[in-house]
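Each in structure tokens, the structures are laid out below.
Paired with chain B in one complex and with chain C in the other, chain A is shared by the two complexes that follow.
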Partner chain A sequence: MIDLIQTLGSGILVGLVYALLGLCIVIIFKASEAFNFAIGEFLILGSFLFYVLFFNESLPWHRALPLGVLIFLFFSYVLFFDIDLNFLIAVPLGIAAGLLIFCFLFFGLKLPSLITSPLIRFMIALPLGLLAAGIVGSMVERLTIKPLLGRSPISMTIVSLGLGFFLRGCIQLIWGSHSYSFFLDLPDITIEIGDLLYLSDPIWAGILSLLTFGLVIVFLFRTRWGLAIRATSEDQSKAMAFGINARFILMIVWAISALCIAVAGIMISNFGALQVGMSYVGLRAIPVVLIGGMDSIGGALVGGIIVGICEALAGSYIEPMGLVGFKEVAPYLLLLIVLFIRPYGLFGTVRIERV
Partner chain B sequence: MLAIENLRVVYHDVISVLNGISLEVKEGEILIIIGANGAGKTTLLRSVAGMIDFYDGDIIEGDIKMEGSSIKGLDAADIMKRYGLTYVMEDRPVFWYLTIEENLGAASFSRWDKHVKTDMEEVYEYFAVLRSLRNKRAGYASGGEQQMLAIGMALMTKPKILLLDEPSLGLAPLITEELFSIIKKLNESGITIVLVEQNANAALNIGIRGYVIETGRIVLDGKAGELLENEDVREFYLGSGEKERKSYMDAKRYKRRKRWL
Partner chain C sequence: MKKKVYFVLAFVLAIFLLAGPATAKEIKVLSQFPMSGPVGSLPEFGWGYIDGMNWVNNEGGGVNGKKITWFLEDFRYNPTVEVANFTRYCAEHSKDELLMATGYITGGLKPLIEKVNKEEKIPWLDGSYSTEIFGEKGGPSKYPYYYSLGATYGNQIRALIKWIKENHKAKGKPRVGFVYSPTAWGRDGTPEGIAYARKLGFDVVAEIEYPYTATSATNECMTLRKKKAQYVIFHGYSGASACTAIFFKTAKKIVKNIQLMGTHYTTSRFAILTSQEAYNGYVGVATRPFSDPIPRASYPKDNAMVKLAHDFAQKYRPDEYKKGLRGGIKDIFLYIEGLTYAFMIQKTLTDADNMGELTREGVKKALDNMVWDFKGMFGGKKFSYKSHTIPMLQIFKGKVKMVKMGDKMVPTGGVLPITDWINTDEVKW
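Moving on, here comes the complex of A and B:
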């Protein structure tokens, strides 16, 4: 019995991280009906961006400079075309952003030597890393997805597939493919009651993922930007006709999605080490969203927890029977069963139909 | 106020839909545009509202001017913000999965300020039914309620000029009448209105001037009263010509004749 509770508990904690991954897929799917297959690459990219800030990893100039220039071009572009700033304001701002990023990458943030407490360091590096991930997300949207606005969602999906390979290549070029040890050293909150033992890292992962999930929901359902996102998600042309800049909203959605993926990525890296090959973890989002329903935010939460529990159960009850690796397959088996019973997933939208 | 000069629009680079339309909207009037299905009325409004590229259409010739300056090529959101031009698409453009109140909120996104709540109250004054439905999803509202909501949403954008695309589509005659009287009221409160309609009779009755469009060209224009009396308009759009019903061949000849006007 203790064993079961132990297993379920760890399943739920990991499941919350998966739920966050699912959420990232769902919000993009709702906004543009495309599936973002580059999720795994966003996951490692976000983790690396955080890594650079947290562990003071600096890059040689020939890697930092192109990134700085890219940021400069992107910022000037968005400020000039999307936010409609004057050319003479937009370009200097863009240069400033590019320089800032270059300095960060080239000299490192020097956080570790400045701040010794890992928790405070984490609290500073996390928002910065997430911001960076969000910017990369919007940049990617601008360059690859925006030109496809109004086209078939299938083309966006295919583009995201190609994008995944491209991003992975970039990451490999910049950071190589060896693994980086990743140890956040957050305060120890290990729970130990009798025979039950929950380690600190998974608990942190669960809490932070749930928190992020909650914040995204508050953003979507309690702010006017969230309202605009939900409106645009339902119909881009209607949103445009009522003065919502659908293109800009789509960029925001990608930014939020990339940001949440980064949170999940950091948590997952914290379980072990960080390396390019880890991107396959992102694909866990597939059973999550298919079980929960592609367009349901609540479904992502439930789907994530189901996948987490399923994995944990398979890991501690079926694998010992000699089926090594079954843990990885179990969610997909479950997925097949769910899809047999409910083709739209457990919480797929019931379309409004007036009779 | 709004001037369209020799506008030519094609879809997908090959399908020519507007073939040189010129028209003018004067400040404070209700302008009626009538025309058969597929004449290009919706395309015209899309072009003016800056939404034509979303449908993979292009303005290949001509210009659209708002108060003297060209708005060709501007974003829909820009046109709305700078010139107060709001386009209510055909077929009740409301967000089905948002509540009525959220719909009104979403429409005020471009000008969010302290007055949104009072403006919402104002919309509820115009459309009393909406108030009681405010927390219901718009998808479950009736067709008439949805159309009222769509116009209410347009009001939330604080328009100076309102383009309405077939607001009476699929509504019962009584509701249509109510809707048109509200449109008239809006006009009296200072909003210029361009009304595209199939329901030519009702529209021309509240309108001041009117244009008739056929295959992407203006074939007739004049005072609304004159159009109502016009033999051809009565024949083809009001379905009540004095003469016997003409055969289809005659109808075609009519179109050909008018094309060279």
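Moving on, here comes the complex of A and C:
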């Protein structure tokens, strides 16, 4: 019995991280009906942005400068074209943003020397890292997704495939392809009762994933921006008729998605190390969203937990029976069963197409 | 008339003399390394090889004064590319000139079995330690032209089992668990290791496939804890992989007293960097001397090859050596690999030339008869290529300590040898 509780608990903790990955896919799918195959690369990118801030990893000038220039161009563009600010205000603000990013990347944030407590350092670096991930997410949307608006969602999905390769190349160019040690040193909250043992890092991962999930739900269902996002998700043209800037909303959705993926990436990196090759972890989101339903936020949570538990049970009970490696296959087997019974996933909207 | 005849004769002679060097047989060698691709960016292989071959052709004196025409290809850790490159070079260069080829992975060796051993009959040096190809079931009788640059994984795991047998102090039989990657690499050598452990009377309490794509090692470590494993042999992983760090970090928390052990690629600098204190106490096998502690400045200078590699890197790649992890030589181990290939090629070709047989068959004979200390790599011990592997290995122990450097806590240390160099051909398993 203790074994079962241990397995279920471990599965749920990892499952919560998967749920967050699923959420990132779902919100993009709801807003644009596209599947973001670059999720793994966003995961690594978000983790690296956090890494730079938390561990004070600076970049040489020839890598920091192009990134600063990119930020300047992006901010100037968004402020001028999307927010309709005056050119004389938009450009200086863009320069300021670019300069700030360049300074952060070149000099580092010096957090470790300013703050010794890892928890406080984490609490400062996390929002900044997530903000950076969000900005990158919106930049990517502007450059690759926006030009495809109005076209088939399949185009966006295909673009996301290519985007994944492009982002991976950029990450390798900036940070190289070797592993980076990743120790957050958060307060130890390991739970050990007799034979029951839950390690601190997975517990933190579960808590932070759940918290992020909750915050996104609050944002979507309790704010005006959330309402605009939901309206755009329902019907883009109707939302635009009501005065909602659907293109800007799509950018916000990509930013939120990139931000959530970054949280999952940071937590997973903390289990081991950070490496560009870890992008495969993002693919865990596929069974999650297909089981839960491509357009269901609640489904992503349930799907994530189901996949986490499924992996844990397969690892603890089925693999020892001789079916070595079954843990990797189990979520996909479950996915097949679910799709046979409910083709749109457990909580997905059933679509009836009239021909 | 006579003048004309003399003139024609002189002209023909001049043509012969001039054409002679141009048509002289060249000594050509093809080498392939995984310098990019899924394993990441590893230019160090190429840097070591280029520096080594340039040295061989200049200061090293070539092959008794003759220069080697060498080709270097990045096969991007893709066996198909490795095979295609080799096929192309074989088509482009004559058998008399292309005398040797080198590769790096088992995945490339398998599809080339017929081509290398039966069609081309070209001596092939490989970085693979495959038990299937180079172990008891393969070896020189089955694959006469394949040569490995290290002891097989089966022998590496057996050496660890033997070490347990000799050092087990607790009461009862040693309880050992095997954790391996679900890849051809992870599965290679593991059955031999398990069979040997059983032969020595060990309790093999767990056989766990732990994938490269793992995001958690909790289940695996809980299984080891439940089964009360005292030793775990972790095989088929690179020390630089995230999954290695996940396993080591989790194991140190869940199975605190277990002895973590591993094979060649886990006994590495990157495992120290990523697993940090969790790597302390690790016992692992390596087929090369450990060459890259942290910080690099404190490298042990008692091994001649290690000293040579550092000297080479500092002399020919001063910027890359200095840059280290920031776009330079991240791990000297990789540089040493490239360098040793160059030295091995020179030694083999020179031996063949000395025998008066600078042909593929002559090169094969030179390898088969080779008895060499590999420029002092094995502490002065010599090896023979009878088994078509360099059968040397050593067991190391990880010693890692965290120290404050500026505003960061960083790991320092390395792996220290706890045995002498072992010649696995001489051990009765």
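We adopt the following convention: the second predicted complex is superposed on the first by the 346 of 355 C-alpha atoms of A that agree within 3 Å, B and C clash if a C-alpha of one lies under 4 Å from a C-alpha of the other, contacts with A are read in each partner's own complex, and residues count from 1 in each chain.
What we mean here is this: contacts are C-beta pairs under 8 Å (C-beta built on N, C-alpha and C of every residue); 3 or more make two chains touch, one makes a residue touch a chain.
Bear in mind the structure is a predicted one, so any value in this text is a computation, not a measurement.
**Student:** Based on the superposition on chain A, does the combination of chain B and chain C result in a clash or a fit?
**Tutor:** fit
**Student:** Touch check for A:Ser179: first (chain B), second (chain C), both, or neither?
**Tutor:** A:Ser179: touches chain C, not chain B.
**Student:** Which partner, once the models are overlaid, touches more of chain A's residues, chain C or chain B?
**Tutor:** C
**Student:** If we overlay the two complexes on their shared chain A, which of chain B and chain C does A:Glu328 touch? Say first, second, both or neither.
**Tutor:** second
**Student:** Quick check for you: in the superposed arrangement, does A:Thr144 touch first (chain B), second (chain C), both or neither?
**Tutor:** A:Thr144 contacts neither chain B nor chain C.
**Student:** Angle at chain A between chain B and chain C: what is it in degrees to the nearest 10, using CA centres?
**Tutor:** In the superposed model, the angle at chain A is 140 degrees.
**Student:** Touching A:Thr157 in the superposition: chain B (first), chain C (second), both, neither?
**Tutor:** So A:Thr157 meets neither chain B nor chain C here.
**Student:** Who does A:Asn245 touch here: chain B (first), chain C (second), both, or neither?
**Tutor:** In the superposed model, A:Asn245 contacts chain B only, not chain C.
**Student:** Touch check for A:Met278: first (chain B), second (chain C), both, or neither?
**Tutor:** Touch partner of A:Met278: chain C, not chain B.
**Student:** Per the contact definition in the header, classify A:Ala228: touching chain B only (first), chain C only (second), both, or neither.
**Tutor:** first
**Student:** Thinking of the overlay built on chain A, is A:Gln236 touched by chain B (first), by chain C (second), by both, or by neither?
**Tutor:** The first partner, chain B, only.
**Student:** With both complexes overlaid on chain A, what's the closest CA-to-CA approach of chain B to chain C, in Å?
**Tutor:** 37
**Student:** Of the residues on chain A, which ones does chain B touch that chain C also touches?
**Tutor:** In chain A, nothing is touched by chain B and also by chain C.
**Student:** Give every residue of chain A touching chain C within the complex, in rising order.
**Tutor:** Interface residues on chain A, with respect to chain C: 3, 6-7, 10, 14, 17, 55-56, 60, 110, 112-113, 172, 176-183, 190, 197, 199, 201-202, 268-269, 271-278, 280-281, 284, 312, 315-316, 319-320, 324-325, 327-328.
**Student:** What does chain A use to touch chain B in their complex?
**Tutor:** Against chain B, chain A makes touches at 84, 149-150, 224, 227-228, 230-231, 234-245, 349, 352, 354.
**Student:** For chain B, which residues are in contact with chain A within the complex?
**Tutor:** Chain B reaches chain A through residues 49, 51, 53-56, 75-78, 80-81, 86-89, 93-98, 102-103, 105-107, 109-112, 137, 139-140, 153-154, 157.
**Student:** If you look only at chain C, which of its residues touch chain A in the complex?
**Tutor:** 38, 40-41, 182, 207-209, 211, 213, 215-220, 222-223, 226, 240-247, 249-250, 253-254, 270, 273-276, 325-327, 330, 406-408, 411
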